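Following this message is one structure expressed as structure tokens.
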Amino acid sequence: MINPTLLQRRSDELAEVGRFCFSRGWLPATSGNLSARLDDRHVAITVSGRHKGELDASGIMVVDLDGRVLSEGLRPSAETELHLMLYRRDPSIGAVLHTHSVHATVLSRLVGDTLELADYEVMKAWPGVATHATRLALPVFANDQEIGRLAGRVEQALRADPSLPGYLIAGHGLYTWGASVMDARRHIEAFEFLLECETLTRRMTG
Amino acid sequence: MINPTLLQRRSDELAEVGRFCFSRGWLPATSGNLSARLDDRHVAITVSGRHKGELDASGIMVVDLDGRVLSEGLRPSAETELHLMLYRRDPSIGAVLHTHSVHATVLSRLVGDTLELADYEVMKAWPGVATHATRLALPVFANDQEIGRLAGRVEQALRADPSLPGYLIAGHGLYTWGASVMDARRHIEAFEFLLECETLTRRMTG
Amino acid sequence: MINPTLLQRRSDELAEVGRFCFSRGWLPATSGNLSARLDDRHVAITVSGRHKGELDASGIMVVDLDGRVLSEGLRPSAETELHLMLYRRDPSIGAVLHTHSVHATVLSRLVGDTLELADYEVMKAWPGVATHATRLALPVFANDQEIGRLAGRVEQALRADPSLPGYLIAGHGLYTWGASVMDARRHIEAFEFLLECETLTRRMTG
Amino acid sequence: MINPTLLQRRSDELAEVGRFCFSRGWLPATSGNLSARLDDRHVAITVSGRHKGELDASGIMVVDLDGRVLSEGLRPSAETELHLMLYRRDPSIGAVLHTHSVHATVLSRLVGDTLELADYEVMKAWPGVATHATRLALPVFANDQEIGRLAGRVEQALRADPSLPGYLIAGHGLYTWGASVMDARRHIEAFEFLLECETLTRRMTG
């Protein structure tokens, strides 16, 4: 059984991070999806097609780690498997957030299959990073409506580098995660900041 | 007779979408106009010259589909016919929203008579679009203070492509619509997002 | 005698327009100044050095049209004469607002002594403009800490074109006015929108 | 002993400036740090790793001017010494604020060891500046995780020019200060405005 108090708490956290990201323009037009772990077999995730800036408990549902729906009559995001794959492979992950900003969309269409980030102080926001003298090759995957196939490609990249803090899907947005909703939100803030920095740098240096 | 509860509800929805779009900078200086269908013969529409970020019931009036004013002493937007033409030709349209953003204004003056949009995940926000592998030729009409003539040109484009989800007027802004105010607002969010993406892409790729 | 209710009402309006413009980034760091006419001899104007995003009645003072201070112990903005000159020459002016945005600052340093604006729908926000097919040569004056001399140059430009709806000071910002605080605010919104459009257009075509 | 009322007041001021700067995007992902003087031997400073947009009293702690922790069990920001050095050398400094904006990050990586600022009206926001006809060579220091060494380099620059109102760390952000939290915040607003102006100018003329 799912603890209803825990579900309510996680739903509130997801609604709050949804409002915050929407206010920044990172979740336009019902795009994106947000989830949080409930226990070792279940996660709370946004219902398909809901507006992420106006979530309430009715916009959050429960699925198990194999994708079985526990909230009768509701359909989870089409991208649910991209969340579940992460929870299955890493028990320390407590939340997965997928945003959809202008900067992530544009950069991910322009940079090829990797975005290089280096020497930014804000990279210390990621777990295990203690200095700005850091280099990250952020993977950019081609967009794909076959989510199982896309999840397979992401999993392969994570096997090659388990410390990866996120990835981009071209023309689509950012996936990142953390031990808690607040941790994952901090990672979004750091990534969106870096994507803005990279965009601005490229515009200034031609 | 117009149902007063329904009129109040639609007025509240239009006021809220006005506040939201104004807060994003998409309705500066009393620009733009907003309407919602009341029944098969009438629509609620913004009064001419009102500030769209501070609408209340006094800023919304009733006209019939032929443009006759039912709210004594009030003058509807000069662009009312651009709304009515859409309601007359498609009974499934429940709301028409016209915004006026910097990105819509600038792009519409630069791109010629069509803005090509392709391969963006957010295009799934439009009805009937199931994949990012989508292409839309968004029409850009020359601005015209003779609204009947402009409406005629828009209607011609809609006859050629009835699935068109919106259009631009050069130096003036975006028109889009939907089954409800919330649907039309989702389309605005998707369009404004795409206009920002296109602007940024053009700046980065020169 | 100044009517205290009227002074309170104008002070509230100036505080509100200050909060709005500050929230948009148009009044950073105590920059800018705001005034409203009280009667044919007096205006309410912001006290020197106050933060325009956090004005209350103590940040608004009364001066007469010759610059004499009626609020004991308070010092009006150093640029007060740029306001008073406008009130003296045009009795229909009810408010003068001076903002200080990034776009006004940057464009005014780059364009020389005139910024050409043409064919924007939003130009209909100014009094007497009925079509987008409009052209405005917005004057840009060199910045000058001798405010009397600067006011003289502005007055000369207004004599040449009494319909001028505003002007820029290079590296400094925008002055505009209207029959009421709300009218003048609408003119700011239109100008700031146009300055953003011009900046973006130059970046995309430059 | 630290006066608890004073500590509460300074904590409230730091929390408020944190919320403001976070809302502008200048303190993403727990970056930045904020402090205020309590007396001639002590300062209140943000606890390491706290989110600056959601500070409360538990996120502010007390250290003395030699870096000794007076708030049991709490760890101050790793950059505390950059604050303390300023308080030790100038008794008129009442607050030190370090923000972390996109514009500060990008410009500080591109301009070399000095950012030249000249002829902006907003430069009058700094103490002792009475005219826009002003020139400031804002130092940019290389980022360094050895904070003592970085503080030494900053101190050297301040000895050479004691009137310096702030400095940048490359890829990291802005430090500025003032007689009070409100004064230091005004200096942030002026600097961030100027950094945006410089970025935009370089994009338009570059």
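Read from first to last, the chains carry the letters A, B, C and D; within each, the first residue is number 1.
One rule holds for everything that comes next: a contact is a pair of C-beta atoms (placed from the backbone, for glycine too) under 8 Å apart; a residue touches a chain by one contact, two chains touch by 3 or more.
Please read all numbers here as calculations on a predicted model, not as lab measurements.
Engineer: Among the chains here, which has the CA centroid at the largest distance from subunit D's centroid?
Structural biologist: Max centre-to-centre separation from subunit D belongs to B.
Engineer: Are the interface residues of subunit B and subunit C largely the same numbers on each copy, more than half shared, or largely different?
Structural biologist: different
Engineer: In whole angstrom, how far does the Cα centroid of subunit A sit from the Cα centroid of subunit D?
Structural biologist: From the centre of subunit A to the centre of subunit D is 32 Å.
Engineer: Determine the centre-to-centre distance between subunit A and subunit C, using the mean Cα coordinates as centres, and give it in whole Å.
Structural biologist: Each chain reduced to its C-alpha mean, subunit A and subunit C end up 45 Å apart.
Engineer: Where in subunit B do residues touch two or more other chains at once?
Structural biologist: 203, in rising order.
Engineer: Taking chains as nodes and touches as edges, what kind of graph is this: line, ring, star, complete or other?
Structural biologist: ring
Engineer: Residues of subunit B touching subunit C in their complex?
Structural biologist: For this pair, the touching residues of subunit B are 25, 28-31, 51, 100, 102-103, 105-106, 109-110, 143, 145, 169, 171-173, 199, 202-203.
Engineer: Residues of subunit B touching subunit A in their complex?
Structural biologist: 24, 119-122, 125, 130-133, 182, 186-187, 189-190, 192-193, 196-197, 200-201, 203-206
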